[in-house]
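Residue numbering begins at 1 within each chain, and the chains themselves are lettered A, B, C, D, E, F, G and H in the order written.
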């Protein structure tokens, strides 16, 4: 139990959270989500196309999946808050992945608008999981506002660069009063393991699985990586040493 | 099967190879080895203490473990070869982890002596797994001599620094005609995953498990990490991009 | 001329800006500043001790030095703005290094308060040089507000960790409409050179010189490093290649 | 004087050594060498084309330049030794940059052949400057054989990757009984400064200048970078700290 | 009767007096899970769709979940 | 006459009616460069020091530049 | 009869003519797995222990596996 | 008289009895600095060029410095 990621009082089955976008097709998406072991899956909220619409995500994703709607693409607190409210009504969940983008190229958050939206949503009873900067001050403010987690970026969304500033993530994890979930930037399994070793409580990723050559295989790899990193963190790694230290005994060598 | 690490024609149960030294006690060693899932376990060859001797490793390590004796501590081809021959007679195995140390502080190999010993041992019918430099030329020579694998160092033995020169390891893996096993330097799970992502066929480690705060937990973490890294390599990771790439769809945003 | 760092229309003698704090003694400070070649030197604004006061910095720093007062230690826009106004009156300069700290351990800025203070100071006619996050969105906002430069941190103040997130600094430099000056984190000369190679227009540092074993020598080294990095950026470095490329001609080898 | 790089008893004007290959044209080469301040310039030894030959390097490079012939392209001790002897006769110098290449793609040295050639050349009275691996054991052997310097690679020749294994270079510098000159891999100014900060006595490079967009500007930048790194090393950098440390005084803040 | 409204960002003339009628008119089954509606920047809860009357010029958003990251 | 004010964060009783007198009373030469004064959160420009009258309970800051980074 | 030999690096006087006798004399069960013996730099295979005769001054190594990395 | 030799890796027939004659025959001024010659894997020092006689089948290398790294 103590080994579960508890978010807003709810213990989750997995410390890996995944997105639902960009898979080659729906079946690969479903198989990848299953292979990832994730309980929480993010979805976007978009205008319905007026010529009727295809099978709904809600139906294809089983009931054992917890949908986490996001406010991706919103660039103002106003749009993000309305999107969150629509998501709540559409999906009957008060969980929201808050994204307020400040810049289309870097997709970095707009700190001011994000904090404004977070305050409003928390007040309105949402469970807010904000995608935020790797900035200990902003993360602390989000936690103080009542966000359920903070989700600092490891690198720009979809860049696959991994964790560009491990020191910052480590500082955030060391001080955070809420679970820290690394969001964005993970490119491969070792990145996810590293995030957990830095002290993250979980990892949220999408492109690294969906756009890999074999998403289902990568999903299983990410699942193992999060377990590995979490275990290593718990086990307490050896310190880094500048010089070598023999593992085999030094005594009783022949010819000595 | 194709997913097994095949060494000298023999498919191994696991791509993780572990050492038997430096555990808090024998039970922790046994539990850690079990948790690691390793089939191959390294042992040293040392002079028997003349006042009788304690229970033998051979007896405590079950028959499902393949012992890999090493020549740790040897600094000449002559001592390494004699140690290998004694190991063969003592353990009824022709497998040998060849170590010829050139320097007590860095524990880097002595390339000349190592190559001399490798040639002699291969000729004598040994299955040679040499601990070597992260140097593509030396690795190629070892393979050409008939070594079963090459085992370049990631960082100084016991330093826990991880893989100090990923580019060199990647180059070695890209060209090697024999399996490349990363030996030495791994400090935590993400290091092991990273080694596999670089193209290594396996990872050999000891201190990172034995000297961690909870060796059994770390052993399981390393097992998961090797699976994760191997899977990610197979899955084909996304390329690193300089800029962000949205995962959620860009169309149909409200308020747009 | 085009090679000068132009701030608020003013071409500066040097792309290196230095602090005046933490030197072993005043003479070392003066010699170090001279050795650094810096034209701009930062100072703090503090309450006068009521038992009279020692020789003033203004007098000891020659008239060829441009004092840049900072708002170090302020944690609200209100305190920062009042400090800036006191500095203007005390030093007859409208230049201000804006610092609004959000956290005593990390000394990361408080983005909201910083933006509020920047807006107010710009409106009041100040030349604002804000110490800010390595966040392209916040940097763009500061530039849009009318700040004369942006000064993203390379690493926590005084940590000497160098540039923890080079990709972020490079992105900021690539898009900024105002000069980018790397502030905080530089530990040694190669860090300063690297900052310039990433596209920074200048480097501001203090501890790396003042607390080094030989501040005057380090000051000269930093001066050379900024020139080196600026020159390398201008010269256009070779691309990084995965494999080797011989420099000597491949033809006409003997014995071939 | 103590600040000069002394090689085989000879104090050199500069700690930067440069190559003469790959420049857009001869004038740019000459201007770049002048801008670099280098005293030592490497040249290759190649078969004369039998249809007469162009103006000789010896004539165009002034007498204040010390030519350092190399054995680039040789892959056996035999060829390297003969090339060195031809170079000595052609250039009336006993200095030789020893290169014995083990692999055309990586251009890593062949350690065995290199050591054999070094021993033979030292015995024959040559001043041997070997291009070698970043391997403390091989470097120590070369020094013990009587080489004047060791010149470990930072990264593959011409790759511009910088120093791929700083820890190894630092270990080599910390123990070497002869000057350590970083050879190969430098891509930009900060790489050269970093090499010096690690403890190198000098840097040898060619492609980073010759193939940059503006070789003369890059040559001056490299000169400044070597000075900067050497100065920073001498000055004694501040330690890296995990957390921030304010530079401005903490007392006497207004409003406090 | 027919109304001109702003529907998902486009001006449309619709034959619908309530949200429920609008959904039906635009081929969206009001019983279907996953749909949400906002009018003039305020969410109209599912239970109010039948009686929520639309006025001319109303700014209407009809949304549903889609793959997202 | 004497006033009780808050001076650089401490309550003090001073013998001064104006900023200039206060500076002199506290050993700071008003002609000296580098000094600035705020009263109740507003800067009092140097030129107004002679006539700027201090009231009881005034919150006064007297600052000067110091080594800083 | 007694011999002086170099045993695992130390000079020892032993009461043993063969490797097997030496092992027994030094408390090592020759039947025990994991033991190996070299004399004068050459391995003496287990099967030859009984008849392999030791000469004065022989340099003998008796080894076994230990924890190693 | 004419000789067939291996010259810089190619078989050539030359009209030269000594190194000096060979250099002249191949358009290389023997007085020119920077040239070196090896015959059958041994350097022929500049001073011996005039009298050093070439034999049929000799393996001759003539080199000079070039741009190098």
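In this section, a contact is a pair of C-beta atoms (placed from the backbone, for glycine too) under 8 Å apart; a residue touches a chain by one contact, two chains touch by 3 or more.
Since this is a predicted model, take the numbers as computed values, not measurements.
J.: Looking at C-alpha means, what's the farthest chain from chain B?
T.: Ranked by distance of C-alpha centres from chain B, the top chain is F.
J.: If I rank B-E and A-E by number of C-beta contact pairs, which comes first?
T.: A-E is joined by more C-beta pairs in contact.
J.: Can you check how far apart chain A and chain C are, centre to centre, with Cα atoms defining each centre and the answer in Å?
T.: 34
J.: Counting in whole Å, what is the centre-to-centre distance of chain D and chain G, each centre being its mean C-alpha position?
T.: 54
J.: Going by the contact rule already set, what residues in chain H reach two or more other chains?
T.: 8-9, 38, 61, 63, 66-69
J.: Among the residues of chain A, pick out those that touch two or more other chains and give their numbers.
T.: Each of 19, 21-22, 44-47, 70, 72, 78, 82-83, 86, 105-106, 157-158, 161, 167, 171, 206-207, 242-243, 246-249, 252, 254-255 in chain A touches at least two other chains.
J.: For the complex, give me every residue of chain F touching chain C.
T.: Touch list, chain F to chain C: 7-9, 26-28, 32-38, 41, 43, 45-46, 61-69.
J.: Provide the residue numbers of chain C that touch chain H in the complex, in ascending order.
T.: Against chain H, chain C makes touches at 246-249, 252, 254-256.
J.: Write out the stretch or stretches of chain C touching chain F in their complex.
T.: Chain C residues touching chain F: 19-23, 29, 42-48, 50-53, 56-59, 67, 69-70, 72, 82-83, 85-91, 157-158, 206-207.
J.: Spell out the residues on chain G that touch chain A in their complex, using ranges where they run on.
T.: 8-9, 38, 61, 63, 66-69
J.: In their complex, what parts of chain A are in touch with chain C?
T.: Listed in rising order, the residues of chain A that touch chain C are 102-103, 105-106, 108-112, 115, 133-138, 140-141, 155, 161, 164-165, 167-168, 171, 175.
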